[in-house]
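Below you'll find the structures, each written out as structure tokens.
Next, two complexes with chain A in common: one pairs it with chain B, the other with chain C.
== the complex of A and B ==
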């Protein structure tokens, strides 16, 4: 479960490029490719360095005209999807 | 979103996505059918130039970087370049003959370069056949040992097999060899002239009957496989769109001397990295603009022959007929075979 105080990073075995606003992620170990939407691209661009979830939420809050509660609910759910898909992971404390 | 949609977009919008780098034409084998031009001369790119090139590719958004040759591991700074490619976040592929990839080198490759896949050449199911094509006694036995060690280290390995008159009697045995080791295998039924036009390799082109048998076997194996899955980076995707292929639109090939081509088989020079950066070539080369225009024309011309999935290559067409849409002999044969109903 993703919590706001967690720190996230892109998984080491992934390779990623922003292809004109679409994110292509290759999971090397699994041999799979994923294509991410605009939000996914923004999240992975922000995670070029490790970042706390709160920092991600603040950055996205400044960019999207949506109320904070909805943003947090949707983004946390999306981050969990990315964790489940093996794209990002929490940094061990 | 589907991966094929993204690939289609790279072709349509000229987004450089995949780059093949021929690091050297030196090789520790001497394959009879090798398409490299051994007489090609020039100033090899330095380690520093490759470093800048990789940085530029990353800035352009390229994801896939394939090291080829010759034998890419024959270049002294191979691991330096491989580490750099890894650090820059490329999906690295290595096309090797596998001869030198013993346990020690394979381990270095795994730990330092971490390639997505290593593509290794298999020339037969028996030592006599494989070694005849490589002209290196003992190469078959060494390859089998090295394959085992690479797999034990967790490297993803794929076999590439050019179909020839010398190995065509062993198609089934080569499939079996691959299956027993849980390795994917891809046959190339087209033997091509050398890049300098020398037709000598065509002397061992496979027979029409063997290519037909290969297609039958491939159809049967494809039907037996699960097909309702998303494409993977190891797949060769069929991409719909206005262009025949992504040569020069989503891909380029670079030879050891910095010459840039639309793809490994379309050897029409569109720039040189000694003279210009890849960004300049990609955005401003008139020759590349012409290739992109031709890719549309080729699709229109080839579509008149029926279904396009018969492996038509504009690069080979231009080399053999002078016209990138010309129906060269091997394409004519493949087209005839594809038109035959499956048995």
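== the complex of A and C ==
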């Protein structure tokens, strides 16, 4: 479950590349390759700055014309998908 | 599962360096795609079978050009290998360090060491069956994959077809249709370089596709289609009732190609380099998603280059 004060980071066994505005994420251990759209790339880029989830939501809120409730619901669900896929993980407290 | 457990009785005893007792003193120089692969330590039986398999690619004994890559063959005991009831397997286990690649397969162990040049070593218990059981070729594919990769190229799990002097490369996982599209293209009068493995070499003028002696179900029916051809398009294959051609976005193209770059694509110490090289490849050559049926209508689409 993703919490607003959580800090997330890209898993150590992944490689990430921004190619033409989209992302390629390679999960080395699993040998899987994921393609991220523009939003996914922005999320991963913001996570590289080690900001907490609520900071990430604020940043996206300022960039995209979408109501806050929908943004939070969609982004939190997306972050959970990335966690489940082994792309990102919570930073240990 | 630990590296080698599928194939080796004692995985922990995997050779730490390229040394051992050679099978014999036979040497075989095999030349293709502009490079010479120098196999040493073969028995007369092994060398004879390999000469038969690689035919005119084998250099005459009196011709001794400088070798590009040396591959040493050593004897291993039958009891070193674990069959698990199999009589043959094409699969293999891979293990990586920054300076070496270890391979365990059916009745063989192999190493690639960067010393700093590429040096191959193969340990096997098979004499008569070294070639017929594809041990020789399995290891050779790994050697060629890394050798090509070091030169900025890519070994691609793909079918390559020549049309009008240019090459079209069709790629995708097993079952995507590489052999089918090779048969369809051959029947339509086009030369097939290989339906399984092709070398893509990036140069200042573009990308060349080079024929390799590694084929799949389509076999080696394409005699006469040798050499290097300018690459016109890369097509990720899909089967469907009607032909269609779509542009693949750059990230999706790199991801799809990565899945078809055997041996190097799972190497954690080469991951950034392989992404770099595939990105460079997709910057030079259009990558398409090609849907094709069991007929040759797709060629009209490819020639027109019309994408949906």
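Everything below uses one rule, namely that the second predicted complex is superposed on the first by the 93 of 93 C-alpha atoms of A that agree within 3 Å, B and C clash if a C-alpha of one lies under 4 Å from a C-alpha of the other, contacts with A are read in each partner's own complex, and residues count from 1 in each chain.
The criterion applied here is as follows: a contact is a pair of C-beta atoms (placed from the backbone, for glycine too) under 8 Å apart; a residue touches a chain by one contact, two chains touch by 3 or more.
Just so you know, these numbers come straight off a predicted model, no measurement behind them.
Chemist: Put chain B and chain C onto chain A via the superposition and say whether they clash or fit.
Modeler: Clash - chain B and chain C, as placed by superposing on chain A, overlap.
Chemist: Tell me the contact category for A:50 with respect to chain B and chain C: first, second, both or neither.
Modeler: After superposing on A, A:50 lies clear of both chain B and chain C.
Chemist: What residues on chain A does chain C touch that chain B touches too?
Modeler: Common interface on chain A, chain B vs chain C: 15, 17, 19-20, 22, 24, 26, 28, 31, 33, 35-36.
Chemist: Which residues of chain A touch chain C once you look at their complex with the stated criterion?
Modeler: Touch residues, chain A against chain C: 13, 15, 17, 19-20, 22-24, 26, 28, 31, 33-36.
Chemist: Mind listing the chain A positions that touch chain B in their complex?
Modeler: For chain A paired with chain B, touching residues are 15-20, 22, 24, 26, 28, 31-33, 35-37.
Chemist: Show which residues of chain B lie in contact with chain A when the two form their complex.
Modeler: 1-3, 5-6, 9-10, 13, 15, 17, 61-63, 89-91, 114, 116, 156, 230-234
Chemist: Touching residues of chain C toward chain A in the complex: what are they?
Modeler: Those residues of chain C that touch chain A are 249-252, 254-255, 258-259, 265-266, 268, 271-272, 275, 279, 282.
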